[in-house]
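Notes follow once the structure below has been shown.
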Amino acid sequence: FTACQVTDTGGIDDNSFNQTAWKGVQDAMAGLGVSGRFLESQAETDYEANINSLLGGSCDIIITVGFLLGDATKAAAEANPDQEFSIVDYAYDPPIPNVLGQVYATDQAAFLAGYLAAGMTQTGTLGVFGGINIPPVTIFMDGFHRGAMYHNAQKGTEVMVLGWNPDTREGLFTNNFDSLDDGRAFAQNLYDEGADIVLPVAGPVGLGSAALADELGTDALKIIGVDADLTLTDPEKAHVYLTSIMKRMDATVKAVIQAGMDGSFEGGVITGTIGNGGVDIAPFHAFEDAVPAELKAELEAIRQGIVDGTIRVGG
Amino acid sequence: MKVELSAITKRFGPVTANEDVSLRIRPGQVLGLLGENGAGKSTLMNVLCGLHAPDAGEILIDGRPVRFRGPGDAIAAGIGMVHQHFMLVPVFTVAENVVLGVEPVGRLDRLDLPRARAEVRRIGQEYGLAVDPDARIETLPVGIQQRVEIIKVLFRSAQVLILDEPTAVLTPQEVEEFFRIVRSLRDAGKALVFITHKLHEIRAIADHIAVLRRGRIVGEADPGDADPATLAEMMVGRPVRFEVDKAPARPAAPILEVEGLRVLREGGAQALQGIDLTLRSGEILGIAGVQGNGQSALVEALTGLAPVAAGSVRFDGQDITHASVRARHRMGIAHIPEDRQKSGMIAKFTVAENMVLDSYYGAEYGRGPAIRWPDVERAAARMALDFDVRTPSVHQPAGHLSGGNQQKLVVARELSRDTRLVIAAQPTRGLDVGSIEYIHKRLVAARDEGDGVLIVSSELDEILGLSDRVLVMFQGRIVAAFDAGDGPIDRNAVGLAMAGAGIGDAA
Amino acid sequence: MSEARDTAMAALMARAAPGRAAVEDLVVVPVFAVAVALLLGALTMLATGVDLPTIGRSYVALAVGSVGSLNALSETLTAAVPLVLAGLGLALGFRAGLFNIGAEGQVLMGGMAAVALGIAWPGGPALMLVPGCLLAGALAGALYAGIAGWLRVATGAHEVISTIMLNLIAYRLVDYMLRQPFFQREGRADPISRSVPDAAELPRLLSGLDANLRVHAGIFVALGAVALAQWLLFRTRLGFEFRASGENPDAARYAGIRAGVVIVVAMALAGALAGLAGANQVTGVLGRASPGFSAGIGFDAIAVALLGRSHPWGVLVAALLFGALEAGGRQMQVDAGVSIDLIAIIQALIIVFIAAPLLVRALFPWGFSRGRTGGGA
Amino acid sequence: MSIAREPGLAPVAEAPLLPAQARGARVAGMALIGLAVLVALVFAPGLEGAATFRLSRPTDPWALPDLVVPALSFAWVAAGVLAFLGARQFLRGGGRWTGLSLGIGLALAVAAFLVWATAGKAFSLTGMLQATVVRAVPIALGGLAGVLSERVAVVNIAIEGMLLAGAFTGALIGSVLGGWSGLVAAVAVGGAFGFLLAALVVTYRMDQIIAGVVINLLVLGLTSYASSQVFQEYRHLNNAPVFRPIAIPLLSDLPVLGPVLFRQNLFVYGAAVMVAVSTWYLFHTRHGLRARAVGEHPRAADTLGIDVYRTRYVHVTMAGMVAGFGGAWFTLGSVGRFDEGMTGGRGYIGLAAMIFGRWHPVGALAAALVFGFADSLQQKLALLGTPIPSEFLAMAPYVATIIVVAGLVGRARPPAADGKPYVKE
């Protein structure tokens, strides 16, 4: 059984979804004994060509990563109804019989992170910035903002979230996903305005923010990671991450491969939620002791609330 | 210090610039080096000053052979050259230019400019070469720039000074002044090499004369017993006529009328301060003046290249003060620009393309947006033959032509059109007697066909030889007028007017 | 007399056959360049621990993936088309003495305009929509490049700076536009435009043979543009004016050519061709616009134009070479697992050697006739 | 005979303006009046409260009170001054005041805009200025690299590639051998690419622009290839230490100036020193004079025994070293790790800074600061929640560069021989 992955232009080592999805394939290679390989796309014009070059029987399942591959995947799936596809971060409506979309209720996890951050801040100010102003990014910012506001409502605090206004839908954006230095500069900007916890939602750009936190010390600035548990994927800076908002793409990808092997593969959508473990916040690692037990308990309660629907994180 | 060139040969690819040339240069003597364009004078001296390595032969200093790996070595050996094209950095000051390469320095490599200034002043006083050390070169008139070049060489304590066509850009009075400097240098024991193709100058200043033709020494002479005709024949290899052949002018109606013309320089200063002149069809009007007195601005204003700030220009009764360059071309105004390399032609374009550089749009070369190249090439070949432009083919890049042929190309292009007014700036600068003769003939022919001809030249002999009337420009205005109809124009009077004197006599 | 004159005329007008030196520059140098670049590419792989069999496999894949099959040829052509168009635009600018770095921005604007027309006129007939979208792209590219031309003429702002800045601005503008309801695809949250209507798409030429063959009618547009550019540059008055201004602006001014007009027109034409490249990508390859659809074509095109020595046919050849490397590079990644970044290295090396014939001569003196090592001034 | 001068040579001041000059002055006047109208009609209406600019952190030794600007009054004053400047420009023509008026006008308009955006809110002005300086560093160093090579008449498009090479080397060597070694290696590799550029254009007479473009492609390819082939697998090779800020005693305690200028890392001080040293070098030393001569008139330099080729080699190599240092900033001075294409076009902006700075080190630094300011300004504006979409805010630095280059600089003059190969005879 061979699983093949096509990355988007971020490349396989983007410290973000391509890498996380690839980790899912690697896990399957280790755990399920499949073989796997990937193709990197240099440009959008490569998507179609890359998928085409994997067709023809050498791959049992083709996993495409990122909404940008939505069109190319659809075209290839319709032209090759016998080939199984799965696409990360995208779902088709109506569904295509041979494509399984993997999407994530990221705002649920982000809500938890927002609440946590609001409970942890010393300055009463949180910061957030994004890559580009698009929903896959802003869904993090929305959830984070609401989580903090929920804390304010519950505990009577007046925590502010800088960098995103959910009403005007404008905020702080680097407008790229690759300038690490922007990550540092934007975090510095938020820090100057009083933020002591910053959530960068811009893939590898956030590594720059981590470098700043490392330099300033975690008393002054903590970072919340996105996509994967960054204490694991960025071990060198593990100590600056308060937590990470995880999209468990590795888990869903591995599950999809498993389904392909079992023959239980079916087109449609799987949605990662807090309930099914598809999204979550990462363990606190270095901050395990710093987070008060009371706050941990509240987070647990909120998690329950989200799962059973008593707390709605959506707008 | 005695310098000897022994059997020097220098080739550039297929061109042999110098062949088996031997020369002696003695202290306290001015050696005149004479030769037509391309004879190899500059090349020979470039070998002597270390810019070129000879292919054969050697240089001996006080009898001992030396090898120069670069100009630095030659300078160290006491050989300095004032190049035909000045080697000054325009944006540097006089002092900076003078010391460049052998700068006085303080600690940390700091440039000691006060010392440089003092040196400039000292040399200036010693040899009578006064220059403001802090003036920027680009603001100085060429005559002064030349002094800077000489100071530069003296500052390097040169014992041998090579002067490559130093008088080409000077007024007669400046030439006199320059000769005074040369004599004082000679009397100070320096050895001088004076390159020129002007016979009277070489006879006035040289102690010994050597003539080069096609890279070889074809004769040596003493100024006392060499008459101009012999020297000229040695240079060119055939007898030469010195006078321009022309019938008296038959001026008709005014073709160009200029009134109160003012043109500004960048920064707001006035390059022209109210010029009035009239040029009639069928006459040649010469504009004399030292470079930098507004002649270029006048030409640019007349040809539409520079905007006019005030005044008017009328061509054949029509107001063209603000007409475009192209419009003036179409009306029949031809322009032979001052600097053929820079603005007269495009070196990488073929001869054919250059021949139609300002007429390619004409109906004779095609209809619609396209150019019919065969027609262009035929026309170009015809012009090349008519004007004796020597090129193997019209497909040859113009940059490969010799200097004289490049100039003939420009003249051919401009005069082949249907012209009514010819504006020629420095039409023969840097050319040899043969080419000069030819271009002069062409300009006179244009006049005789009824064109008005305006000639701007810093070569006074050219102005006097060609013009029916002469205007002298000084500091942006016309300060004197002379008419050849009243008898030969007094060379001396024109020279004085060029220097700004005698404005009261202006007609 | 007249007969002698006729012979003289004929002699002057005769054309010499291209000399041995010209043949060497045109044939020997490029062959050496490609060979040396591949060799150095192999050394790079060795240095990063790739074993010899893999290197061999990757070069086989490079060949197979670029010209080894119908699909490979189709991919090569598909990749070459936008490079031809944008490269021609840059070449025109270079000829006119303008160093336009802004093709990337012009590609973006052209693509967006083509998409906009397609979206605005969903029911249009193919006969109108296809040329209409291409034209819209060309127009948008021309206007966008025209800004830089106009700034240069009106204020003297150097086009290198203004086009770099306009590129950066174009990226942001596309991001913004793709968020607007007019462009954004219904039901999509990410920045992706609606699809252009089928009638606006450049037809795929070989889809009858195999649905995966992407080569499309854009190659005719590209070939037409090459011929047109060749004609424009060397056969028309405008081209003469471009070349004259580029070679010697002073002489051009003296000849009555208006520099301002030449700059604006040359920039606009360059922009039109780059815009056409963008329109070609969205209507021929992608069917829509998204933030990265320009895919660096505008920058690759600089290399293509330089490599093609700003000569239309040269640009065509250079673009085909680049297209082949791109398509073959993809195969290299598939077959040998070698990072596609290696292709960028090989491309750069090829340009180095082609643009510096003296270097190739110095390295391989035995490949050339003697006595011409001096080179031109 | 006497030398007579016509009485009343027209003095310069009364000289009629060339049409182009007059038009330029009028356009400038209109632009200023336009800005005045903009401020009055767009910014002023409905403006309430005060804009608060924080100057100090509470922890600073000498804390300054916040700068509180009454927004509406400020807008009206700014509009008034702009209108005055514009009217003056329009009526009296500009001459040499045009540039100054435009500069003041632009600064005022930016200030008014900032006050408008901040009305009723607050932000840290000191932080913004600090970011201005930090973000200017690689651009200034890129610009300086451009100055050094173009002063000897070698056009340097390759700055981007040299920055990238420096960033990569800094990360790799810094991870293995430590920050200082990384820095030295980055400088050396930058210098090596400078040397390569010099070799290509001087010895092999390759077109300068092609050579630059090619080096950029080559470095981008090499670093991307190496990082995907090596860094992905061996993470520890891409984890370099970052140079920490060094507070200069006393000076760093100054309010505003302290944090902005004297609490920065090695790279900021290094850039300042390099700009100062190269200014001194180019304009006050023997070798600087020679370098400039080579850039202005190489043949003249050659006839005076100055080795044109060597001078070009040396300076372009130096330029590469400066750019390598600037490149190291991305990794060793900022984030400690390399990422593909992480210089993000900063080298090209450095080139713009060089032209905008008129081929002068200090000019390039000033231009880089303008760019850094626009950059940090847009970040603050995004935080303040202006109704302007973030994409447009992100354009601010680029638009600012175009406006400044078009409006204030105009036709700057490069070294006379810039871009021209020199062929020894």
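Chains here go by letter, A, B, C and D, matching the order in which they are written, and residues are numbered from 1 within each.
Note that a residue touches a chain if its C-beta (ideal position, glycine included) is under 8 Å from a C-beta of that chain, and two chains touch if they have at least 3 such contacts.
Treat the numbers as computed from the prediction; the structure is a model and nothing was measured.
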item: Chain at maximum distance from chain B, centres defined as averaged CA atoms; value: A
item: Pair exhibiting more inter-chain C-beta contacts, C-D or B-C; value: C-D
item: Intercentroid distance (Cα basis), chain D paired with chain C, Å; value: 31
item: Centre-to-centre distance between chain B and chain A (centres being mean Cα positions), rounded to whole Å; value: 75
item: Whole-Å separation of chain centres (CA-atom averages), chain B against chain C; value: 46
item: For chain A paired with chain D, centre-to-centre distance based on mean C-alpha positions, whole Å; value: 36
item: Overlap residues in chain B, where contacts from two or more other chains coincide; value: none
item: Per-residue multi-chain contacts in chain A, two or more chains; value: 40, 133, 175
item: Chain C, residues touching no fewer than two other chains; value: 172, 175, 179, 339
item: All chain pairs that touch each other; value: A-C, A-D, B-C, B-D, C-D
item: Complex contact set, residues of chain C against chain B; value: 5, 8-9, 11-16, 231, 235-238, 240, 243-244, 247-248, 250-258, 374
item: For the chain C and chain D complex, residues of the former touching the latter; value: 44, 48-50, 99, 101, 151, 154-158, 160-162, 164-166, 168-169, 172-173, 175-176, 179, 302-303, 306, 339, 341-349, 351-352, 355-356, 358-359, 362, 375, 377
item: Residue ranges of chain B touching chain C (in the complex, touch as defined); value: 13, 303-305, 324-326, 328-329, 335, 337, 342-349, 353, 357-358, 360-361, 369-371, 373, 377-378, 380-382, 384-385, 391-395
item: Of all residues in chain A, those that touch chain C in their complex; value: 9, 37, 39-40, 42-46, 48-50, 52-55, 67-68, 70-71, 79, 93, 132-136, 175
item: Chain A residues touching chain D - in the complex, by the definition given at the top; value: 11-13, 40, 133, 162-163, 165, 168, 170-173, 175-176, 178-181, 183-186, 188-190, 192-193, 204, 207-208, 211, 214-215, 235-236
